[in-house]
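One structure below.
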Amino acid sequence: MSILIGRETRLVVQGITGREGEFHSRQMLEYGTRIVAGMTPGKGGLHALENRVPVFNTVAEAVRQTGANTSCIFVPAAGAPDAVLEAIGAGIGTVFCITEGIPALDMLPVVEVVRAAGARLIGPNCPGATSPGQAKVGIIPGSIHREGHVGVVSRSGTLTYEAVQAMTDAGIGQSTCVGIGGDPIIGTTFLDVLQLFAADPETEAIVLIGEIGGSAEEEAAAWAAEHLRGVPMAAFIAGRTAPEGKRMGHAGAIISGGRGTAAEKVTALEAAGIRVAGSPTELPALLREAGYRG
Amino acid sequence: MSILIGRETRLVVQGITGREGEFHSRQMLEYGTRIVAGMTPGKGGLHALENRVPVFNTVAEAVRQTGANTSCIFVPAAGAPDAVLEAIGAGIGTVFCITEGIPALDMLPVVEVVRAAGARLIGPNCPGATSPGQAKVGIIPGSIHREGHVGVVSRSGTLTYEAVQAMTDAGIGQSTCVGIGGDPIIGTTFLDVLQLFAADPETEAIVLIGEIGGSAEEEAAAWAAEHLRGVPMAAFIAGRTAPEGKRMGHAGAIISGGRGTAAEKVTALEAAGIRVAGSPTELPALLREAGYRG
Amino acid sequence: MKIQEADAKSLLAAQGLPVPPWAVARTPAEARAAAERFLAHGAGRVVIKAQVLVGGRGKAGGVKLAGSPAEAEEVAGRILGMEIKGIPVRKVLVGPAAVIVKEFYLGAILDRASRRIVLMASAEGGVEIEEVAKATPEAIHRVEAHPLLGLLDWQARELAFAVGLAGPHLRDFVKIAKGLVATMRANDADLVEVNPLAIIRESGPEGHVERLACLDAKVTLDDSALPRHPDLEKLRDLDEEDPADAEARHYDISFIHLDGSIGCMVNGAGLAMTTMDLVNRAGGAPANFLDIGGGAKADRVSAAMRLILADPKVRAILVNIFGGITRGDEVARGLIDARARQEREVPMVVRIVGTNAEEAARLLREAAFETAATLDEAAAKAVAAAGQATGGAA
Amino acid sequence: MKIQEADAKSLLAAQGLPVPPWAVARTPAEARAAAERFLAHGAGRVVIKAQVLVGGRGKAGGVKLAGSPAEAEEVAGRILGMEIKGIPVRKVLVGPAAVIVKEFYLGAILDRASRRIVLMASAEGGVEIEEVAKATPEAIHRVEAHPLLGLLDWQARELAFAVGLAGPHLRDFVKIAKGLVATMRANDADLVEVNPLAIIRESGPEGHVERLACLDAKVTLDDSALPRHPDLEKLRDLDEEDPADAEARHYDISFIHLDGSIGCMVNGAGLAMTTMDLVNRAGGAPANFLDIGGGAKADRVSAAMRLILADPKVRAILVNIFGGITRGDEVARGLIDARARQEREVPMVVRIVGTNAEEAARLLREAAFETAATLDEAAAKAVAAAGQATGGAA
């Protein structure tokens, strides 16, 4: 088992004929992900990736013909919100939106429509997810993973890779690694992913990689304090030394007026009994300290 | 028992200090309806109707202070959609919108929000409902009713009164009479009301008053054919002799291109085993023919 | 409210939709001048189309082509002399005749059943869409616009693929489909139809190009929303309107002229239709549909009486009022007042029930009006009175 | 992106919000001329406000009143000579000083937690709202705009009643609150704040009137949306911008100048912050935050290197790349190329892992770069190198 993606994943890639879409679809196929369809309006009837993936004009058609149940979006920012809505309209249950640079206000109605449909959106501006040994969706390098039982959730891209690599190097495998994305408005939060991990029998420990800005880490910590007692957990928060009032890149991390600081987040996590690492490389040791034996 | 309104109804009247709102609130009070609150923005703190009804600035405040569970709206067309949304936002479960002349496109988002909230809107441009002996909400004259067990549903205003009067004159009482309104976009359809009547133990027979235009009568007939076998029913359709392509008043009744004609509706009703009267005065006799003994 | 094709095209163009140029002409000379301009700017021929609010103008000979200014003048003269379904043609639209590669149907309507704006498209364009719907319903594709977000790009694309559009036309179709919905919203229209939406061929400096264009346009407006669109109210075609309609609108009366001899005055549209039905059932024929609305006062009753009596065919009048908001005594007073001032004596049958019916009955009795207790009785009496008034059977 | 008060007021005024008139002056003489105009048009006094993008200008003496043109010139001269939090004041806003009856706070923000636009209002206006939030959180009222329909009238009314507005101000408040949301949407702002929103007293021909007015305005724009708002991009205040920022933007690099001595080049914002944290932890201080983004090619690496080296405080450079989309060999080539052309010799520690890391390692080895296997090791080496470069402790 795993969360969000696994052996049962039947993926449609929206924007499969674009440069990014094609490159990462190839990586996903090589990792073993079942890409059952591609979708690019106007390219219906073609086949992508050396004829391995049929391309459809609409997601609805892809779903009808191939039974796709998960979507991964590599569509430019201007069209990405519509791409998410199309996937939801076609009955896709889990949508990963990799696209970065989507204006935040564009996402407000989208996350609401997704919620009302009972579906799930991960991202936008997220690296995707990997369930090692089963499937990877998105752009996370497959090579950093190892099969195992630690769930990893992160707002960041490359920082996630850093943390996962550190665990793999220490011999600790992962059930699923999820990058939820660093934009201000995202479909799936830390809290949502913690709840999924809590319900997953294969996930025995959890690593949370947060950063300054917002209050999602605090909310996750509060929930974990109540519902995840006994589950070994470790965390890392980026931006402990970031100066106030500066926006640190497109990730949307910003501290202002003393809210959303690293210190507040660390305090909240530690109050919930979660060990917080000073460097991603310390995460494996902290997990062990927390009692993880996997 | 009854549907939509009854002894448990705690009514807030939105627009109670307007001319129409005040007049009809007085009628409702005299009929015995429990009007627990009025609402007019800026008039909070006053009391309406000789100090019998406290007035609030917001529906939320009215709900908090009085436990109102039903709303009746007498707000001009420009503000009526917002009034419905305010009632829904305040947690009101059943909203009657009496206001006429609301642009149809304004109602599209409103009916969707009502649906998504799991609430119920009757109208707009509807006369309201009466559960004889219990409560009346809206503008239907209380005097035409008689307590009993026939549910009446109608798209029309005065035509409803005509039909109800005919039944009362023939000694046939009503469980609830509902005017769903004649606008193109309404919150509650014939079908919705039939389903409520079907689930109401006190309703033993049903009268449906339709008119030309749209296909709501046909849909109701199809449902009745399947689910209301054994329930005595009678119907009347106005506009049998209306000329094609003419819009008959604000009711939105229009026939064009042979769709939504009276003939089609009569055929559909009769195919469902429902007797159709040639005049409202024949409805009592047809109900008897259908086996109603109440 | 229906508006003319030329006005509908203006509304589409205002939303940025591709509508070829046109001119409106009220005389053959104006049509000739317009044709000259279009022919000088490269049009091979011009099309001349009768501007009437009734359908079927093509079959009636109201749409013709012309190859020269002289021919345009002659053709326009013929069309401007026509009547289509009883309506005299007072205006024609003149425009360059397009070279049509393929025709489609595209319409946006407010759909009561789904409570959505529904977009319908068909590759069978240029013909009566009702006929397509009957013969081959599967040839009409529909999507429901999102009730809060409107028509989404992917929904428009689904329609485009369904009717076989691809390549460069795909993006244009999405814009046009969204433009139809934008036209609905901007003007509170309940119908916006483009039939045909066509791929047309044009020759430019770099050879032939093909593009989508809206060759016809039909828009009907939501009457309830006209108060907030004063500019649209001006598009009402008074040429084609019964003069009585303007007066009825002024008094907030719904009035429709019909062919019978029994004038009807009723409160409420459903009851007004029912009254007409019962007049017919009693062997008569109504002269009008007339709904005085809710809460009518004496002045509105007087106006309604004037409207009814302005029709010389009226031989009897049936007044049917079920008082709710409307007070019966107010109506009775209005009737007494109106009868005192009316120029023509016509038999009248009055039925007033509901709010203040007793007072109304007293007033009517004192004024010696013929009354009736039930609607069936009132209809029968009115039909009989009309028969006597014409000196024979109704 | 932050914009100046005057620009923010223009955006509010464009949505029809009541903003009193103002002028922007870059010299004391311009301020005097503006003051003359406002005083001639009935203002009793004028207000002169420093236009800087940092907060706290009032406390710093950047907001003053003046009663005459001469005083305005003198006051403007003083303010234009100031630095506020290290930023020289280059512009002032001049406007009529309002007679304030009561001040409110009203703000619309994009709220991450609720994923809604949240409107906040308080009767405690005119002061730092963060302080109100800390001291008396119950004095701040909030409503979440409907995610699809926007702020509804009733929601705005609830806020108005909560802050004690009534009577004629009620309708105006609703318009202003909806106008704030409209300003957000029209410009893709993530914050629109009016503090104070004030009831002001004005004398007109019929005596005193009181009305709501937006006396200050703060707007921040969503950087992701700037590409679709070319007009807003022009509002970027280049006066206050580090010249390096423009170059960084050109190459799609996120760059923030800091005070330390270790230049950082990292791919990904989270990893870049982590790199800074680890530099600090190793006893050093980063000279910048720099995220070269995903898929960086050699030219972007060169540009990043130029940005880092332009800072004379930089004594060592730490390059940390975790290849995913970004190919390690591309980065290595960029580094080799950049070093060949750089004018100043600075020790560099490079860590490249992930995609094509082996090829990168070979290239770096051949070019004799100092490398590191882990981030902790890289940070320690960079701190040590910076210490040596300055000839002492880091």
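We call the chains A, B, C and D, going by the order they appear; numbering starts again at 1 in every chain.
Keep in mind that, in the parts below, a contact is a pair of C-beta atoms (placed from the backbone, for glycine too) under 8 Å apart; a residue touches a chain by one contact, two chains touch by 3 or more.
Small disclaimer: the values here were computed from a predicted structure and weren't measured.
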item	value
Most remote chain, CA-based centroid, reference being chain A	C
A-D against B-D, pair bridged by the larger set of C-beta contacts	A-D
Separation of mean Cα positions, chain C and chain B [Å, integer]	28
Centroid distance [mean C-alpha coordinates] between chain D and chain B, Å	55
Contacts with 2+ other chains: residues of chain B	109, 113
Contacts with 2+ other chains: residues of chain C	148-149
Chain-level touch network, classified as line, ring, star, complete or other	other
Chain-chain contacts as defined at top	A-C, A-D, B-C, B-D, C-D
Residue numbers on chain A that touch chain D, as the complex places them	20, 77-78, 100-105, 107-109, 111-113, 127, 139-141, 143-144, 154-162, 165, 182-185, 209, 211-212, 214-216, 219, 236, 238-243, 246-251, 253, 257-258, 278-281
Sites on chain C touched by chain B in the complex	110, 112-113, 115-117, 130, 147-148, 184-185, 188, 190, 222-225, 228, 254, 256, 258, 266-274, 276-278, 280-281, 286, 289, 291, 293-294, 322-325, 353-355, 374-376
Chain C residues touching chain A - in the complex, by the definition given at the top	146, 148-149, 152-155, 157-158, 161, 166-167, 170
In the complex, chain B residues that touch chain D	41-42, 44, 57-60, 79, 82-83, 85-86, 89, 109, 113
Complex contacts: residues of chain D adjacent to chain C	148-149
